[in-house]
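Going in written order, the chains are labelled A, B, C and D, and every chain counts its residues from 1.
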Amino acid sequence: MQLGLVGLGKMGYNMRERLRADGHEVVGYDRDQQVADASSITAMVAELTAPRTVWVMVPHGEPTSSTVRELAGLLDAGDLVIEGGNSRYTDDRDNAALLAESGISYVDVGVSGGVWGAENGYGLMAGGETADVQRAMPIFDTLRPAGERAKGFVHAGPVGAGHYAKMVHNGIEYGLMQAYAEGFELLAASDLVTDVAGTIKAWSHGTVVRSWLLDLLVRAMEQDPELEQLQGYVTDSGEGRWTVEESINHAVPTPAITAALFARFASRQDDSPAMKAVAALRNQFGGHAVQSSDGE
Amino acid sequence: MQLGLVGLGKMGYNMRERLRADGHEVVGYDRDQQVADASSITAMVAELTAPRTVWVMVPHGEPTSSTVRELAGLLDAGDLVIEGGNSRYTDDRDNAALLAESGISYVDVGVSGGVWGAENGYGLMAGGETADVQRAMPIFDTLRPAGERAKGFVHAGPVGAGHYAKMVHNGIEYGLMQAYAEGFELLAASDLVTDVAGTIKAWSHGTVVRSWLLDLLVRAMEQDPELEQLQGYVTDSGEGRWTVEESINHAVPTPAITAALFARFASRQDDSPAMKAVAALRNQFGGHAVQSSDGE
Amino acid sequence: MQLGLVGLGKMGYNMRERLRADGHEVVGYDRDQQVADASSITAMVAELTAPRTVWVMVPHGEPTSSTVRELAGLLDAGDLVIEGGNSRYTDDRDNAALLAESGISYVDVGVSGGVWGAENGYGLMAGGETADVQRAMPIFDTLRPAGERAKGFVHAGPVGAGHYAKMVHNGIEYGLMQAYAEGFELLAASDLVTDVAGTIKAWSHGTVVRSWLLDLLVRAMEQDPELEQLQGYVTDSGEGRWTVEESINHAVPTPAITAALFARFASRQDDSPAMKAVAALRNQFGGHAVQSSDGE
Amino acid sequence: MQLGLVGLGKMGYNMRERLRADGHEVVGYDRDQQVADASSITAMVAELTAPRTVWVMVPHGEPTSSTVRELAGLLDAGDLVIEGGNSRYTDDRDNAALLAESGISYVDVGVSGGVWGAENGYGLMAGGETADVQRAMPIFDTLRPAGERAKGFVHAGPVGAGHYAKMVHNGIEYGLMQAYAEGFELLAASDLVTDVAGTIKAWSHGTVVRSWLLDLLVRAMEQDPELEQLQGYVTDSGEGRWTVEESINHAVPTPAITAALFARFASRQDDSPAMKAVAALRNQFGGHAVQSSDGE
């Protein structure tokens, strides 16, 4: 089917490739004219036949909001906007309400798979009205991995549910990565296991911990067996924070996911103010700093 | 090759099947004579041709120790004992030292895969002398998953390293399960995601969180979509505790794995003594219990 | 000085007593006419001489907001509203902005001390303009504990800073209570320490862990040495959640405070959905439930 | 009464002062002859009148063990050894058993209070036979804070119970310090609270979080308001680790205390191997490192 696609970055660019390879007609727009098919969003919309479907794939927050606002002014009743970025689910409600004023439908889709999605297909989680989701199914069927639809796509619920599911997915991802990372550090700290990279590689098949993330860790360690070329500095892009905030809203204990988030925060600190306070306290009750580990 | 196998429970029984199917000669012993090939360990040893190889696959702790002691009295110099249970790595040192007094070699092997190993092969982590590990390689090659050896087997280091690697593997496993579990609970708590089981199933392909454990969760939810038939009561069998203890010994922070362990502890409590103390404190400073949430 | 006081619950009632005992003139209003001095907020305002000072001490959220809105319509330019409840600091900005439209000043005050404040004085943390804080200082000096002002009162910063400081105070309080509670549970679980209540009481003087909260725990255990009469069910009233949310906003790791919050969440669950998922997973890979602790 | 005292470091030296000031006769030994009263342990014992009481106050582990062994050879049946250092409770059993062979009694005492104990008295937790504990009560009554005995001393149980109680005390201490430290860091991260040191000082009286540790934090911040002169590097001396290990042995969840321990571990790492692994994973699935926060 025909699709307008706003945002041709690492994700959008690959998605256009995958869609075209499967016979869809994609009119892509990006600020980078070297990759864009249309010179502006207005021009892109003009190339589409009503009822139009436009996929938005730009960074979440203001870039997505302003794109939706612009589309609200350009599209017509009966058109459909699909928000495929990493928006917070609460933003979806605002987007949908704005577009609904013009009779434009809205579906939010959480997209997982990173740079590997181009080849493997993307895991998709959609939120919205059933009719709207059905309408875009040819697109979803191409983007998702081949095989059984239910193993790579879900219509998770109403508007916002797609990004909610993706948020939780990413929260889990934080926890999974932290678990592997802790295990790696412990193996590396042991003087008994002399082949750490080989041990992790041996977990690739047959074990309970085998996974795609493990395969990626094996891949990373094949290039750098002791991970010496990397700094233990890890940023976070929102979904992990939102997951913990949602867990607080619902009074759901999420200690492992939260531990993963806090470990990232700590990884970015040159020094820990909290640990300064602990050091100060130990100094106070234990005497001089150099003796502070004696008294208590 | 020829192998004596002590312990024909859920794991040992399946391993015998897999070994025989690949042409090995297995003489199995178990207290359950219905599944045993030999009537005693002595009889089993008598059926083996020196230099013998005996695989021990009984519960860790005293059952394993007493089996190793018995084998020490029955085997000869040049024989080999493989400990494939879930022993703590420190026990391996004792086992190896005892057997070395009689010139018997020792290899410890961590075995992962559960009931699925019969079909998929088992992930194997071995510790011991290189010559001893090489000697048992035909057995390992049959038990491990088909394909590249390094993706299902590792010689992780000297005696103890196999079980150390398995211990860390299980610690990671605790963390992975906890991460999925927290995500599941949050999805279930949300009223936005209306298809929780479908969402988790949709993560099976293409997503970053896809894994064998996820596949098992999908499988469990196909039988019981809301997991209503299960109690949230989870035991632990040692490796998780040992992992945290080792992380303390090496001053390695393992907050996610530890969170998983503590969540299991809490799952087995009818009431939390700690929370009684918190309730008592709030009652003390806030006034009467029924008003305790007011003052502070 | 003269003060209008809206809200004569457990906190407000005691504060009126303490203020009057020190010679202030308090006109109190409460929906409960049995404790009120004025029949309505309007009547209360009418009894005050301009420039008026009105202290709001009602539950946070809508009760506080509606009270502030009503005061905005009744007070005059030059009057001062003090918000002493447990409002979130973000609400203070809204309150201050609304009142500023009518030229009314606003100070937020975090008040700690619970039911004991009547006797001991209350710890106070104020936010607002310096002139406004100074104007209410006679009130603060009476409410705070006797002695050095700086050891029971702080002008923490601009509007919102008082409640921000109180929020962090309460977050710390969560962590402190959790630490004592965990220690209590461990002592109680040990069969070595035969006098748990006596041990905790012995910490009252001389030790590093002595505190007012410890004194309260001793007091609770004098009435119920094993805390048998209490359920380990603990509610939470907002500040703990906000503290964790703020720590996320500022990328500050707060694992101990968060652990305390999650322990409260868990204390209110009959069964843990997350632990159902872990049990389901173990069942899947380990075989039948009754044998699930064997394979892995 | 008369007391031999082995170890005149920061703790032992002050204790001798406090004991002498209250009229006890103390014969102290230390490797540092400048502070010692006797030239050797043998000489010290020779100066005591049977039945003798000797207090051991040297670092835990080998220094304590070798001192106890030496005393076992010098003392007579009917004498009493008091172990006042920070021994692990399991060591007490070994010590008591060794001394019992010679008919020598043994009491273990956890001592809290740090350098402040000289002036305030020390919190004491004793383990042993009632008769042995009673025999040393004049010493305990002098060392503990003045006032009610039960508020500074406890006979917690049999041999080992004193150090067990002290271990838990220190575990709690870890948690308390972590809670204050997290609150400090959050206050410092906020741009709303402009007087962080003043806010913490204001918590000194009237608030729920007031404590001796808070007083020490106030004291530290009076010298260095932003704790700029300290590094956030915190060692640990055993009791925190043992507390977590005991909590694992008893299946008691101790997330806040464990968080405090792990924060100390992390404070001593230049870079986190675990976070290298997380960074490696994000790099793998998200594309080039510089873009790694985009894809997921």
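Everything that follows uses one rule, which is that a residue touches a chain if its C-beta (ideal position, glycine included) is under 8 Å from a C-beta of that chain, and two chains touch if they have at least 3 such contacts.
If you want to know which protein each chain is, UniProt gives these names: A, B, C, D = 6-phosphogluconate dehydrogenase.
Please read these numbers as outputs of a predicted model, since none were measured by experiment.
In terms of the stated touch criterion, the partners common to chain A and chain B are C, D, listed by label.
At the far end from chain B, in terms of centres built from Cα atoms, lies C. With A-D and A-C as the two chain pairs, more C-beta contacts join A-D.
Our note on geometry: chain C versus chain D, Cα centroid distance of 32 Å, whole angstroms. Here the CA centre of chain A is 46 Å from the CA centre of chain D. Between the CA-based centres of chain A and chain C the separation comes to 37 Å, rounded to the whole angstrom. Shown for chain B are the residues that touch two or more other chains, namely 112-114, 170, 173, 178, 180, 182, 185, 189, 208, 213, 251-255, 259-260, 262-263, 266, 272, 274, 285, 296.
Of all the residues in chain A, the ones that touch chain D in their complex are 9-11, 59, 112-116, 170, 173, 177-178, 180-182, 184-185, 188-189, 213, 216-217, 219-221, 224, 227, 230-237, 239, 255, 260, 263-264, 266-267, 271-287, 289, 291-296. Within the complex, the chain C residues that touch chain A are 208, 241, 244-245, 248, 251-255, 258-259, 261-263, 265-266, 268, 272, 274, 285, 296.
By the touch rule above, chain A contacts chain B in their complex via residues 89, 112-114, 117, 120-125, 127, 144-145, 147, 150-158, 160-161, 164-165, 168-176, 178-180, 182-183, 185-187, 189-190, 192-195, 198-199, 201-214, 243, 246-247, 250-257, 259-260, 262-263.
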